[in-house]
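In what follows, structures are represented as structure tokens.
Across the two complexes that follow, chain A remains constant while its partner is chain B and subsequently chain C.
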Partner chain A sequence: MSLLFWGGIFVVFMRSLGMTPPYAFADATLRFYETVSRDESFAASFVLTARVAAMSSLAAGLLGSMIALLASLSTRSGWGIRLVLNLPLFTPYIVAAQAIVLLLSQSGLLSRIFYGTGILSDMMEFPTLFYDELGLGASLGLAFKETPFVALMVFPYFLASHRTYGSVAKTLGVGLWLRLVKIYLPAAMPAIAISVLICFTYGFTAFEVPRMLGRTYPQVLSSWSYDLYMGSDPEGRSLAPAIGMVIVSVNAISAYVFFCIFRRLHKRLAITRAGSLA
Partner chain B sequence: MNRETYGLLLKLALVILVTLLLLPFVPLVIWSFAARWAWPDLIPSLLSARSWSLVLDPEGDFLKGYLESCLTAFGAMTASILLIYPLARWLTLSDSRFKPAIEILAFAPLLISPYVAAMGMHEIFVRLQLEDTGLSAILAHTVVFSPYMLRVLIVGFLAKGERLEQQAQTLGGGSLFVLWRVTLPRMKPAIGLGCSFVFLASMGEYVLTNLVASEIITLPAVLYPYVAAGDRSVAAAGSLLLMSASIVLLILLELLLHNKLITRDAA
Partner chain C sequence: MKSQIAKIFRIILVFQIFMAFSARAADENWSKITQSVEGQDVNFSMWGGSENINQWVDKWVTARLREKYGVKLKRIPARDPADPINKLITEKQSGRKQGSIDLLWVNGENFKIARNADILHGPIAGQIPSYLKFYEQNAAENNFDFGTPTEGYEVPYGRAQFVFVYDSAKVKTPPQSFVELERWIAANPGKFTYPAPPDFTGSAFVRQALYATTGGPEQYMKQVNLDTLRKNAKATWDYLNRLKPNLWMKGQTYPESKARLDALFADGELWISMGYSPTTAEADIRKGLLPKTVRTFIMNEGTLANTHFLAIPFNAKNLNAALVLANFLLSPEAQLAKADPAVWGDFPAIDMAKLPESERKKFASLDLGISTLPLAILAAHRVPEIQSEYLVEIEKLWKKSVAAERARR
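Showing the complex of A and B:
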């Protein structure tokens, strides 16, 4: 199975070098990468993609960690919270994007409520969050999906640290802030980092949400590449793999960082486990 | 501030944050019943079941797409569990020096753009003359979503340990017997969780299917034009139809896992 995946990546890589089967290295050319990098929309698209991925993953990391921390401090097993968080987590991207527009667009439910309560006097006073240049709407949509993911990933670490050192420190009168800095955050940090990284990767490759909530120009990389690939223009079709490889290279970098953190996390777990056994 | 108000404040903050995450579903439900809902009305001025009757029309595209989606998701789920179960078991038990490399290869679809891989896979499917078939959609979904299954199963195997299996074998249980009576019952929660992850991810996928099998019209593909065209009412009803599978599965899963918890407590 994994062969099929890597085979797919390999085919795209060969295509991006302009090679068709049977692959002969003599035909290799960097022409497509050159064309793509010269294209003025490339820089805009790349920056937008990176910004959307960064904004959404950081927001999700912050909100998700907050929810996880609060849940571990104030519930017994977090069972109910976990159940509730599953709903947005399991919501398809198309539905999530749709739902968030209905809530937060200028004619959305929130703007209606604000008008009804007299905070706003006109629809136009509600900020335009979607179809914007900065990718704010796309980030919001992604963060909505990613926040529960981070919360669920991080929750066990907060809970474990609270049950062990946290509650002892609390009994001894240590305030929340100090416990947060000295106990909870250090325990959960690697997990937070990993989840944020996964979200970043998701954000960088995301398609539906940025496409539905963003502008038509500049587009995020995967959306642009998709259009070229599906389009009828043969020159465009040959550019799509090159853009794809740009996405994959950025993914590879974050994957490398991911495995570095992952290994350290496992080592640390092994040490604490050995310590508790001794 | 005394301890009680403090605890209450924490709870309040938690409730607010979680409510924020659930809030977007409110307009989705209202819109699915709205025929006319102009700004700034808080409730629709005209209600109708038009969208629902369109979406739930037995001859309509929505239910056909729903069936198509369910079939693909079910196929991907079945293929994942059959392929991943042995792999996950091997990865938890083995000390092979190839293990890290295989882990990286197997988890890659989680960290590397599946859409880029799908473009290449499409070409592979064309070579195999599988393009635009349900099988290619199932294969692509299996490739991309099986790492979820792997992750969950590995955690399950690690938590379960091997002691009971060894005991059963020492007592003369055959390998099939051990698998059926000892291993599988205790892996049920992990398998259930893994299956629902794969199923739900596959249900919601649009681009992947479109790239490898554009002839297979899944529910997201039926829904997309309505969303893009801004037909809010139909889009909302279709979205809820798409979500219905996740909700049913969530409830089933919760029953399965909760039962498990209760039996463990009783033991």
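Showing the complex of A and C:
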């Protein structure tokens, strides 16, 4: 597994330097990175990608945590909830994106229903809910898939903290808000944060959803990379991997920064929790 | 004088004897080849994105190859036509003598890359009886592939031509030129768009807009001159940007693929669609996905046409079997079979004038479908493809000058 992972990154990295097997270091060049970074659309693509990744992961973190919290407060074992949450995870992203298009486009199911029942006089009056400049449609599409993932990741922590300290505090008359701040959130925070990080890094690389629900321009980095690789320009075979390496680097850096912040935060959380228990 | 005539006659005689011998030699040579292949495998690498084409090769071709020559055909699907080329380049670099591919379906840019990387065996055209017998050896369509000379390293397998698609129930008179198209779009806002290049179909549409707005394709056929293109193409970007406000989604976005364009047309969001095959709509009409009133049309300026080819890699393990398969795929029998829209609908590359009357009748009586234009009209409106350097530049410029245009404003 890790061979495939590191091997893949190695091949892409070599390709981005213009090298193909057998690798000769004399051929190495940074000009593909230069071409990519100097491209007029680079900044727009980068900002859009970051925005889509951030919006989708934060939305998923918030919604997923809320669902998990409500579920853990209202269930005993939680297997039913887990089952329901597991279902969307089996849908591939491309299917989810296609489903959104079929459901919400101007000639989609909802539009047809409104038209058929006479609410709309023309199907084209149906509002376009994606293809927007800010990437809201793409973010929602990703969040739709990521929310159950977050919920599943954090559910056990909410459940465990509720069964132990939470229910005790409740019988002692502690209100929901106080329990949330003092018990549930501290217990689940590491899981929430890691889930959001995973969603962010995934969102930064996501291809199908932003491709299908986003605009032609600006496009997310992965979509741009795909066009370059599939396009007629032989240079694209090295430009696309260069963009790939930009994506990998951003994800590696954000993971590193996250863990640095998280380690400190975690210590402080552990101290406050110990303090509040004492 | 007399002796001169006698000399000429003698030369002709000698020449004819030579020709007869060489023809016999070629025949003998070919029968040796066909005898040598029994029990061999042949690995046919082809783009695998169409279920119809895959089925035809897996069933029809495979069965006949087994019956006639005892050759076992193995189809090697490629997700992208460039994949096998990259694979062969890698095999060449690593010195692999016994390759994984015997016959290759190729054209355009990939052929050019293959020739530059010297990964093709050949020339092969002179060895393939079907080609020598039934194909026009002097036709530019067979000797050039997107501007690259074929030099016998690939043989024509089929042809494609770009057409526009419309529903005659909704559109009474489809536009006949790019000027009329602009007017039609203005009169029917939101009902037209094209896939965003570098999508294959969208890119072809933009190339035709280039021809239409800059005075035809001839000027791009000679030496590649990107400066001329950049200067000329401003008129094209003006044209395409003028269309924008009345395109689907006001031109703020474009379908990302031909599949998406097809879906929008089938859903009625679009009234005019397009495809790089004269039978592009036929299969969907027969499946009931499109209404029976759907028809195709072409522009007076002509539409793009290209030929796709077969080639043999430098390290083909089963060289003779590859020749036998290529010969069979070029035969009237196979060309006729794949021209049937119910099977594939690929236009034959074979030269009708060289066929015996009986065979020609079979092609003429082929039901190409209600939506397909007559072969003669299509043939009279073909314009050639341009070299790939232009293609690359057009795709880059489109993104900058058309796709990004609104965002910048």
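Here is the rule we use: the second predicted complex is superposed on the first by the 223 of 278 C-alpha atoms of A that agree within 3 Å, B and C clash if a C-alpha of one lies under 4 Å from a C-alpha of the other, contacts with A are read in each partner's own complex, and residues count from 1 in each chain.
Everything that follows uses one rule, which is that contacts are C-beta pairs under 8 Å (C-beta built on N, C-alpha and C of every residue); 3 or more make two chains touch, one makes a residue touch a chain.
Keep in mind that this is a model prediction, so the values were computed, not measured.
> Output check: A:212 vs chain B and chain C. Expected answer is one of first, second, both, neither. What do you get?
both
> Can you tell me whether chain B or chain C touches more residues on chain A?
Here the partner covering more residues of chain A is B.
> Which holds for A:35: it touches chain B only (first), chain C only (second), both, or neither?
Touch partners of A:35: none, neither chain B nor chain C.
> Pick one for A:107: touches chain B only (first), chain C only (second), both, or neither.
Touch partners of A:107: chain B and chain C.
> For A:84 in the superposed arrangement: first (chain B), second (chain C), both or neither?
Once the two structures are laid over each other on A, A:84 reaches chain B alone.
> Where does A:164 make contact in the superposed view: on chain B (first), on chain C (second), on both, or on neither?
neither
> Check whether A:128 is in contact with chain B, with chain C, with both or with neither, and answer first, second, both or neither.
It touches chain C, and chain B stays clear.
> With both complexes overlaid on chain A, does A:232 touch chain B (first), chain C (second), both or neither?
The answer is second: A:232 touches chain C but not chain B.
> Which parts of chain A are in contact with chain B and also with chain C?
21, 107, 123, 212
> For a test of understanding, state which residues of chain B touch chain A in their complex under the given definition.
Touching chain A: residues 7, 10-11, 13-14, 17-18, 21-28, 30-31, 39-42, 83, 104-106, 108-124, 127, 139, 142-144, 146, 196, 200, 203-207, 211, 220, 223-224, 227-228, 232, 235-236, 239-240, 242-243, 246-247, 249-250, 254 of chain B.
> Given the complex with chain A, which residues does chain C contribute to the contact?
Answer in residue numbers: 80, 86, 89-90, 93-94, 109, 113, 190, 196-198, 203, 249, 252-254, 256, 260, 264, 267-269, 388, 391-392, 395-396, 399-400, 403-404, 406-407.
> Residues of chain A touching chain C in their complex?
Touching chain C: residues 20-22, 40-41, 44, 105-107, 123-124, 128, 131, 133, 211-212, 214-218, 227, 230-234, 237 of chain A.
> Which residues, counting only chain A, touch chain B once they are in their complex?
For this pair, the touching residues of chain A are 1-2, 4-13, 15, 21, 63, 66-67, 70-71, 73-75, 81, 83-88, 90-100, 102-104, 107-109, 111-113, 115-116, 123, 144, 147-148, 198, 201, 204-205, 207-208, 212, 222, 225-226, 229, 240-241, 244-245, 247-248, 251-252, 254-255, 258-259.
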